[in-house]
Amino acid sequence: MVGETMSATLQHIDIAAIREDFPILSQQVHGKTFVYLDSGASAQKPRQVIDAMSYVMEAQYANVHRGLHYMSEKTSDAYEVVRDKVAAFINAGSRDEIVFTRNATESINLVAYTYGRTVLKPGDAVAVSQMEHHANLVPWQMLRDAHGTELRIIKITDSGEIDFNSMEEVFADGKVKLLAITQMSNVLGSYTPVERLAKFAHERGAKILLDGSQAIVHRKVDVQAIDADFYVFSGHKLYGPTGIGVLYAKAELLEAMPPFLGGGDMIASVSYEKSTWAKPPHRFEAGTPAIIETIGLGAAIDYVQGIGFEAIAAHEQVLTEHALATLDNIEGLRIIGRAQDRGGVISFVMKDVHAHDIATLLDRQGIAVRAGQHCAEPLMGRLGVTSTARASFGVYTLPEEIDALAAGLQRIRKIFA
Amino acid sequence: MNTSLYQNAVVERSRHPRFAGHPAVFDLHGRGANPLCGDAVDVFVTREGMHVAHESHGCAIMTASADLMAGAVAGKSPEEIAALRRSFETTVKTGRENPELGELNALAGVSEFASRIRCATLPWSALAEALDHG
Amino acid sequence: MVGETMSATLQHIDIAAIREDFPILSQQVHGKTFVYLDSGASAQKPRQVIDAMSYVMEAQYANVHRGLHYMSEKTSDAYEVVRDKVAAFINAGSRDEIVFTRNATESINLVAYTYGRTVLKPGDAVAVSQMEHHANLVPWQMLRDAHGTELRIIKITDSGEIDFNSMEEVFADGKVKLLAITQMSNVLGSYTPVERLAKFAHERGAKILLDGSQAIVHRKVDVQAIDADFYVFSGHKLYGPTGIGVLYAKAELLEAMPPFLGGGDMIASVSYEKSTWAKPPHRFEAGTPAIIETIGLGAAIDYVQGIGFEAIAAHEQVLTEHALATLDNIEGLRIIGRAQDRGGVISFVMKDVHAHDIATLLDRQGIAVRAGQHCAEPLMGRLGVTSTARASFGVYTLPEEIDALAAGLQRIRKIFA
Amino acid sequence: MNTSLYQNAVVERSRHPRFAGHPAVFDLHGRGANPLCGDAVDVFVTREGMHVAHESHGCAIMTASADLMAGAVAGKSPEEIAALRRSFETTVKTGRENPELGELNALAGVSEFASRIRCATLPWSALAEALDHG
């Protein structure tokens, strides 16, 4: 099995070369080879991203949009080029549909504060699924409490897929005006059928916001083909730096939205009495942006596109199948989430062993996994667990690392036997 | 692998705790919860003889710590318990065993796992809460 | 004069060594020596900051606060240590009074959205001065329009200082509950008397928010000695990375404030019906924070403290005096802002030459200055100009660079003669 | 220093514009403003003979551009002006002079100053606005 898997992997992707790009992967942890299976929380950074950021700071830095001097112009260009890159990356209709934020969380909150408090009216409903990350639940709760919108929850099936019967019910009375839903669960690894969800929402007069935090890393995203109204993701999960995220929204939606934060760069004119707003996307980017990080994100997108999503998806599929088969062989281990369409994020529980103990004991073997509620506390309730352990994969993950995980879990089983 | 913390005493006490349960009658109750991981422990105190029972929903370290605590504090006064808690917290932070802690020293190894120290100390916060405000 | 100035400078600060730390300063621009006089917009980054950020990405990276594994623990530690550093740097009473944001702009908006919409009531007034950056004006306008607070403007004198008569008037009816004011003008270079302002506000039942974006770079700040209620600044002006800013607020104020953004890490518990919030500062830090940038900010603070504020202030004073004297000697040049207590930010206009033309023509000589309204459009009206040129200094600025500026300006004068 | 853009023609026309002013009578008005820098230009058109006057509050490049524009469009039809605008914008972006632009070529050098191109094109947007919606 492992031999087979590996050759399948190696057909698609030159993993050895990729791993060379990530300096951290050659670190040791507790004297053991470092096995990083926590990319779903945040991915490691390739040399190309680190270098791009260092280059800005060493050779081409100044504040953007404001200066009439060389360094400022060059830096503004380098910054704005990333907007084009992001637009092309997700096939936005226009670069002006790309707003830079800190992370996916801020992107969703931006929509909740602006679109949510103006276009959505008290009495309108926002629908989310049972498998949302807190980032796509709490902002809608806060909107409910501040603005009088309703919050409705779409059920998932036991296998971890969207329950379309529940969707019908939630949308039945026509009050749902926004469906805010993940494209890939950070707990179950399920992909959601985004085209179908968008069609479903649009046919019922609702807009759709997609949380692409997990999916963007694994799949080619085409916001126009999906017909997404809003799409959000974070740079740090896409092999880019922290401190930079993206909000995509259709131009006509952004046009109609009031600003979120007030300050420099988001205004057209300011007097003490009244200010007028710049056009999108600048209307939503107040103050000095994350210049260095945006340029780092550009390098990350180049990096990912250099590998290509066909190769990335094939590699992920091989890893996921290998991991599911291998983990299923471990006695007392139960994988949580069995969606048909699923990717390289795998949660599991072990009989008689708490997830935290699993994580700590794996860590001692150099293996990094997540354990806990994964910022999805209500989903834990739905699944009938208090926490899970989770292994998640990146472009640099090796089938052998999954074997190391399995061996580690077997050792843990013995301790608790 | 270096698993010194997960020695038999800890694993054993977490799997077969001696003081687990929710007594029908008790004088004081305290709760400790770590929202970041979902761990929770309820502590029930019968003042007479300082009998402590616990209901633990959490990891091996927390459960073992709750159970070892219940054993260690039996019959002690609140002041003695407060002193014991301080010694215990020092030990789990520094890793230095302390003869006065007896069986509780089984948890000294948690010092190597910074993010897990809270698991070991959570039952003690719950007990303190019970004794303070019960 | 120059010789004198230089030796005064060199007594306080080893500029040659400092300049070695900033790789960008040895760049050429348009074939000329690069003279960077735009530090007020954003400062350049020392090697120490660049290295600290690279180190995280190369050797010690994972998401913070969530992992039970080695890399996550180490990264969380490195991240949280910076909170201690910032607290010590501004002498906060507690590390829990330090909230990380993207920049000063976000810090002010955070206060406007949370404190502003709960503690401040419709009919209460917020007072700002005539010399605020848009970042400390627009959020209060937005609050006014959304929440019904009033916005009042405190006048400045012709020399660019706070007019305390105007203060008295603005506060006279007791409605002002928040004074939001800069500690140093980014146009006029004036410092404001912050202790006096705080006392003034407190005696009248108002809180004070200080915009320290410019001042923090030049002066030792002690928020307890000032008795500031809120204090904000950005990392990128303090020789740190972009994407990271700070909000300081007194513990009891933070405790009483509702959250700003919803998502991971800011909650205590989440159910579909109701969520409860984490204690400050985490309540205000939703989602994956700017981990790499926070660590970079820590390195920047170490760097600045390594030089020491006594030396920095002395160096700035020498530069400023030299610059004022030198520029005053240029015919047709008028310096805008003549406050008694002023620092290394100098705006000027030239007869018959528009500020933009000055900036472009200086740029061709390798000299970077700002020109425009400096995100302070209403202040331009107050000063009776449409724009100014601005030279601003950093720890690496040389007296010779000011001489280069003066020579450049003389050449421009000839073109327009 | 490389100041080719600031040749005499540009500096001269900005300091002593020939078509500056706010006429008492005019047919069409257009305004261009760059909020980032505070530059603003008002353009006043008398249809008869396509006389253009401008009031410029801005830099030398904008003022010279407005004045050279007013000279270049005199007597032209709106269609000819639209074509001229396209040629002018190409020249200020590429730096390639174009014989049909005549005096307007004085601004070709702005292509080297990316952030200043807008200064040169702003009067043309104001004129287009006047002709479109006047």
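By letter and in written order, the chains are A, B, C and D; residue numbering begins at 1 in each of them.
Definition applied: a contact is a pair of C-beta atoms (placed from the backbone, for glycine too) under 8 Å apart; a residue touches a chain by one contact, two chains touch by 3 or more.
Here the structure is a predicted model, which is why all the values come from computation and not from measurement.
Traced through touching neighbours, the fewest hops from chain B to chain C number 1. The mean-CA centres of chain A and chain C are about 32 angstrom from one another, to the nearest whole unit. If each chain is reduced to the centroid of its CA atoms, chain A and chain D end up 48 Å from each other.
Distance between chain A and chain B, defined via averaged C-alpha coordinates, is recorded as 38 Å. Among the residues of chain B, those in touch with two or more other chains are 36, 113, 116. The multi-chain contact residues of chain A, meaning those touching 2 or more other chains, are 30, 66-68, 72, 267, 269, 356, 360, 371-372, 377.
Chain-to-chain contact here is organised irregularly, matching neither a line nor a ring nor a star, and falling short of all pairs touching. All chain pairs that touch, listed by label, are A-B, A-C, A-D, B-C, C-D. Residues of chain C touching chain B in their complex: 65-68, 72-73, 76-77, 267-269, 278. Across the complex, chain A is touched by residues 23-24, 27, 29-30, 34, 36, 38, 41-42, 44-45, 49-50, 53-54, 57-63, 66-72, 102-106, 108-109, 112-113, 133-135, 137-139, 141-142, 151, 153, 234, 236, 241-244, 259-267, 269-272, 274-275, 286-293, 356, 359-360, 362-363, 367-372, 375, 377-378, 381 of chain C. Of all the residues in chain A, the ones that touch chain B in their complex are 30, 352-357, 360-361, 364-365, 371-373, 377, 380, 386-387, 408, 411, 415-416. Those residues of chain B whose C-beta lies close enough to touch chain A in the complex are 1-3, 5-6, 11, 15, 36-39, 57-61, 113, 116, 119. Residues 33, 35-36, 113-116 of chain D touch chain A in their complex.
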